[in-house]
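My questions all concern the structure below.
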Amino acid sequence: MSNERRSRIPVGVLGATGVVGQRFLALLSGHPWFRVAAVAGSERRQGQRYRDAVPWRLPDSPPEEEVLNLPVLSPDADFEVPLLFSALPSAVAERVEPLLAGRGHVVCSNASSHRMAADVPLLIPEVNPDHLALLEAQRAGRDWSGLLLTNPNCSTIQLALALKPLADRFGLRRVQVTTLQALSGAGYPGVASYDLLDNAIPYIGEEEEKIEREVPKILGQYQESAIHPADFGLSAQCTRVPVREGHLACVSVELGKTASGVTGEDVLRAWSEFTALPQRLGLPTAPAAPILVRTEPDRPQPLLDRDAGGGMSVVVGRLRECPILDFKFVVLGHNTIRGAAGASILNAELLYKRGLL
Amino acid sequence: MSNERRSRIPVGVLGATGVVGQRFLALLSGHPWFRVAAVAGSERRQGQRYRDAVPWRLPDSPPEEEVLNLPVLSPDADFEVPLLFSALPSAVAERVEPLLAGRGHVVCSNASSHRMAADVPLLIPEVNPDHLALLEAQRAGRDWSGLLLTNPNCSTIQLALALKPLADRFGLRRVQVTTLQALSGAGYPGVASYDLLDNAIPYIGEEEEKIEREVPKILGQYQESAIHPADFGLSAQCTRVPVREGHLACVSVELGKTASGVTGEDVLRAWSEFTALPQRLGLPTAPAAPILVRTEPDRPQPLLDRDAGGGMSVVVGRLRECPILDFKFVVLGHNTIRGAAGASILNAELLYKRGLL
Amino acid sequence: MSNERRSRIPVGVLGATGVVGQRFLALLSGHPWFRVAAVAGSERRQGQRYRDAVPWRLPDSPPEEEVLNLPVLSPDADFEVPLLFSALPSAVAERVEPLLAGRGHVVCSNASSHRMAADVPLLIPEVNPDHLALLEAQRAGRDWSGLLLTNPNCSTIQLALALKPLADRFGLRRVQVTTLQALSGAGYPGVASYDLLDNAIPYIGEEEEKIEREVPKILGQYQESAIHPADFGLSAQCTRVPVREGHLACVSVELGKTASGVTGEDVLRAWSEFTALPQRLGLPTAPAAPILVRTEPDRPQPLLDRDAGGGMSVVVGRLRECPILDFKFVVLGHNTIRGAAGASILNAELLYKRGLL
Amino acid sequence: MSNERRSRIPVGVLGATGVVGQRFLALLSGHPWFRVAAVAGSERRQGQRYRDAVPWRLPDSPPEEEVLNLPVLSPDADFEVPLLFSALPSAVAERVEPLLAGRGHVVCSNASSHRMAADVPLLIPEVNPDHLALLEAQRAGRDWSGLLLTNPNCSTIQLALALKPLADRFGLRRVQVTTLQALSGAGYPGVASYDLLDNAIPYIGEEEEKIEREVPKILGQYQESAIHPADFGLSAQCTRVPVREGHLACVSVELGKTASGVTGEDVLRAWSEFTALPQRLGLPTAPAAPILVRTEPDRPQPLLDRDAGGGMSVVVGRLRECPILDFKFVVLGHNTIRGAAGASILNAELLYKRGLL
């Protein structure tokens, strides 16, 4: 191992063999602060070297030899790394993540199991970095020597990011969203091609519920050691479409009461001027622009826009007035980067910068 | 020609070489009342026999030999048939359809050009058959010896059908719809595979406008020789997805003021009990059930449900409460059958039964 | 049950919940001679009614109520039907099919397990109906009161059918085939959309071997109670493509030594004149033309030609001279109808007509 | 313009608005030796700035501002750049390329029009760099002050590359190839999604002919100012599949007479040891390995392997014995990079290094 590599913080990736797990490895490959030093997977993979456990399924290059040669451990193994990224299935995460936090690890999780726990921050560094203060309550209440931090559901993140500047400037009263979600969101093997070729499926288990409960928490206020969810109406419909990566969401919003007279120009400006803590701190995974505005009539599109900002920017477009609420628009995000692995890594970067790692 | 065939009413199909044109020919093949006796197409096809003008692109069997051997005429030719179906591009339909109605033809058009004209019925036989009364105003005002009747846009029809029983029983205040539309809706060649493979496109030119203006006309009231559009809010977002046939729409509705206490059961009953004039008249193209309710969590799906009722039923499902309006649900329709050619043919059948042909 | 239905021969379908199993049920729905009276599936389905065990995944209508309400049995249950169709996975078929034949059932199997057994006919009724004579050897040697009959692999069948008239008229020396196979051939869930969207996979486990060993057996000669495989070279390459149904095969053939001077016309005539026993006997599932010749430069295509002859015709086209062998051409067949369930049913129909049932 | 940029050789791209044209711009963006200083397109684009003429359709980032702001010129404009890359349609290239070469430009063309001309090299720098000697005959015979150099058809290049080491070490007698070609090879708009979704098309106009005549020229010998085509049999079948980028080819080869005893190991070694002039010269676009060998049973695959070596490596795999020729294998190449724009650029780099620019 090179000296440079040795100097980086060793991290583990749990659920490393799945779609999101591989995305973690790809994004951490060459990360300036972290290096993958442990991987964990399901029972039948354990004991094998990563390279033999599963084929590399991303079009991106596979990770370094050091990583490919790591043995696949159990997710509740005795890890010797301070930081663990979790892409575990929720049933496993439910049990294992508190255990690992208890043992002193910082766990940055993409799993849904603990997102709504009162003392677990559901973090998007550009949106609610102040929610990190919850970790004090967590430490106080949990008797853990480590900590547990979560990132939201893939389709939640891009929606929350697009709503944040609107909530800040104009307030929000009601939001209606219909998503067209990529198949990678279903993991591997995920959706059978038999079910999806020449088809769209208007149902993704628990997805609408996740969006409807997570966005208010994220946009909520931290006060007296607790998050007070934002008070606005939110209705989601979720569909699966034959797209590899990139969730598209069609959104209608009603702005806050005091927002009368807000024009489309105002909304576009709110988005394009939006910048936040990760950009100011120069976090390695933070995109230059968290929100990119496209003005062509037919953008954003998953194929053309999902890789914007290295997959970490969300792209908005098609802003127009809504006949029943105030405005309608489209927002796109890369679901396994900004919506999953990249989100967790950005969270960890903020922790590191804040000295919490 | 067989005697049986000879006894049927000869009809012409304008724009017969396109996707909807071929669908007209397929549906009219073996129709009990009508037989195709003339076809018209664009200039470069004219003069050729239909069989040589374009390849047959539908998986369904091609039409009868008599039809394949018809010469392709100009859309403003001197047709010797009383009834003309129009699948013309709107720019051509704009000019040609009035001209043909003027010459005495009954024109049943799928084109958008004249749908919003004050004296042209925008007809869905199950929804607004009383709007046929507009034809009197048309006759009075136009100095035509024929008449012009239109069917709505593909995504309008399925939405209007699903809303009709709700409007009747509960009233409507606001409707939000996001569509996932099949590629056949774009005609041929339509959307390039280069643009659509592994992609979804959140834009279909003029589609949202069509939905937003057509549905209120269809659900409007005929009074004093005019249609008074229904008064409710309607907002549409339209997307194109890699599906061959079958538009999916995710809908949220707020019911009328007096509809408090309406339950999901009530809504489901409104749909499943819905039957209408075409069913009572036994029109050949009318499906047994105009609205089919599916109760599985993941239905309707384009691949599995588009052919319900021979492509003439719309299929609803996923009814659940909406956190910001009253209910949300999904509706699917076959866009080139119920949403285009089949719609026009059903219109013509109603005219015939009413003695207007 | 109607009298008409009662008068039909009761049959069972083993592996009834999979892609081919559902195809069996769809094809047997309304069959004039057979009616489904028993279904079997894997352990976790057993005990449930068919309608509850799996969703119906075919765009075709689901089978009759009587069938949907059948309990899912174990494949080695004590069936009370004389005829069993098997769509079992080969590992199960290996063990269960002989057992069922031993118990007196006529087993028509689509599984690969016993296809190459010396006393088991590998039957395509249009190609080698004389191979049924093997059943005498089977009876003599096996001590079964029933019998076991197999149909070939999906891609084998269409190739063997296309080659049969050439073999008969001109002889065969060498055949090279590259297939583009539909995803339904992999069963359900089969190929992940994650693996297949925007991709083609140049590998299908054991498929090339099956083609290379099955075709010579099918085209072989029955002599002295045994099949003597046809003596010609055969090389196969198999790929999976994002197509729902319909295998496409690009073939090059070198004809027999004595075939010098054979022209493309001769080959086309051999195909279009080809008719066989099932056509003469009028078997219900036999297509009018076992081989359809298309002359357009770009046909056959899976989407447009797979349903020819109700999915039971194979379609050939693009015949041209081959610079290194004699001729090259393309052949298409519906892999789950002619290539699987329809093949087994046609076999059973021949047995019935021959009094072997 | 930066000094660095100014110091690079200005080049023009003809046919810059198409799929291959955009690929040229993407690959030349940041090229160390060349900078795009002129773009030409079809009549209706001319006069517009590039950014307004067509949308950028590649998922890759669009080119630099300087390029986006270039006016779209006519392909026979008076260019002020020494080097022109041509992605022109063949009908235009037929007329324009000689004219431009006559005016003193070095034309590196991807068009098919002049590939088979006796005095025009059909160059793959790794395969037949000695064919550049033909340029002397070209200069002598044409009275041009510039020169014209072509690269082969997309599916030809990857096949020729895979065959080259085999031809060199073992000789070639017969080659059979069936291709599965990506839709980007058809340009834009190219194949309608209506034709390609859930389908494969066993026909690409003139493609088989191109392969069959180009490969022998490329593998031919330069002698006495002429190319003597390699003497081996070659038969191609070409199909179009729903894949964005990356042509897959299934190949069978019979090696030379003296190659008896050649093992699979020998073939694999021939490929993996293959390196050539561009690698030795360190040409900027040359991949480290022109041929990559994958040993997994199911590789190469377009989705996973097309970007190998920046899209400039071809990837071979699935080597096994062929029952009728000697070996069969699969080869994949990125059709718009190694098979088109990258090929032309590599050609130009070789010219530059040889002082011919």
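Order as written gives the chain letters A, B, C and D; numbering starts at 1 within each chain.
As a convention for this text, a residue touches a chain if its C-beta (ideal position, glycine included) is under 8 Å from a C-beta of that chain, and two chains touch if they have at least 3 such contacts.
What you are looking at is a predicted structure, and each value in this text was computed from that prediction instead of being measured.
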If you apply the touch rule, which chains end up adjacent to both subunit B and subunit D?
A, C
What angle, rounded to the nearest 5°, describes the rotation that places the Cα atoms of subunit B on subunit C?
180
Between subunit B and subunit A, is it the same set of residue numbers doing the touching on each side, over half shared, or a different set?
same
Distance from subunit D to subunit A - Cα centre to Cα centre, in angstrom:
40
Please compute the C-alpha centroid of subunit A, do the same for subunit C, then give the distance between them in whole Å.
48
Do you know which subunit D residues sit against two or more other chains?
57, 197-198, 242-244, 303-304
For a test of understanding, state which residues of subunit A touch subunit D in their complex under the given definition.
55, 57, 59, 197-198, 296, 303-304, 306-307
Which subunit D residues qualify as touching subunit C in the complex?
174-176, 178, 180, 198-203, 205, 212, 233-235, 237, 239, 241-244, 248, 250, 252, 297-304, 317-318, 322-325, 328, 330
Along subunit C, where are the residues that touch subunit A in the complex?
19, 57, 183-184, 186, 188-198, 242-244
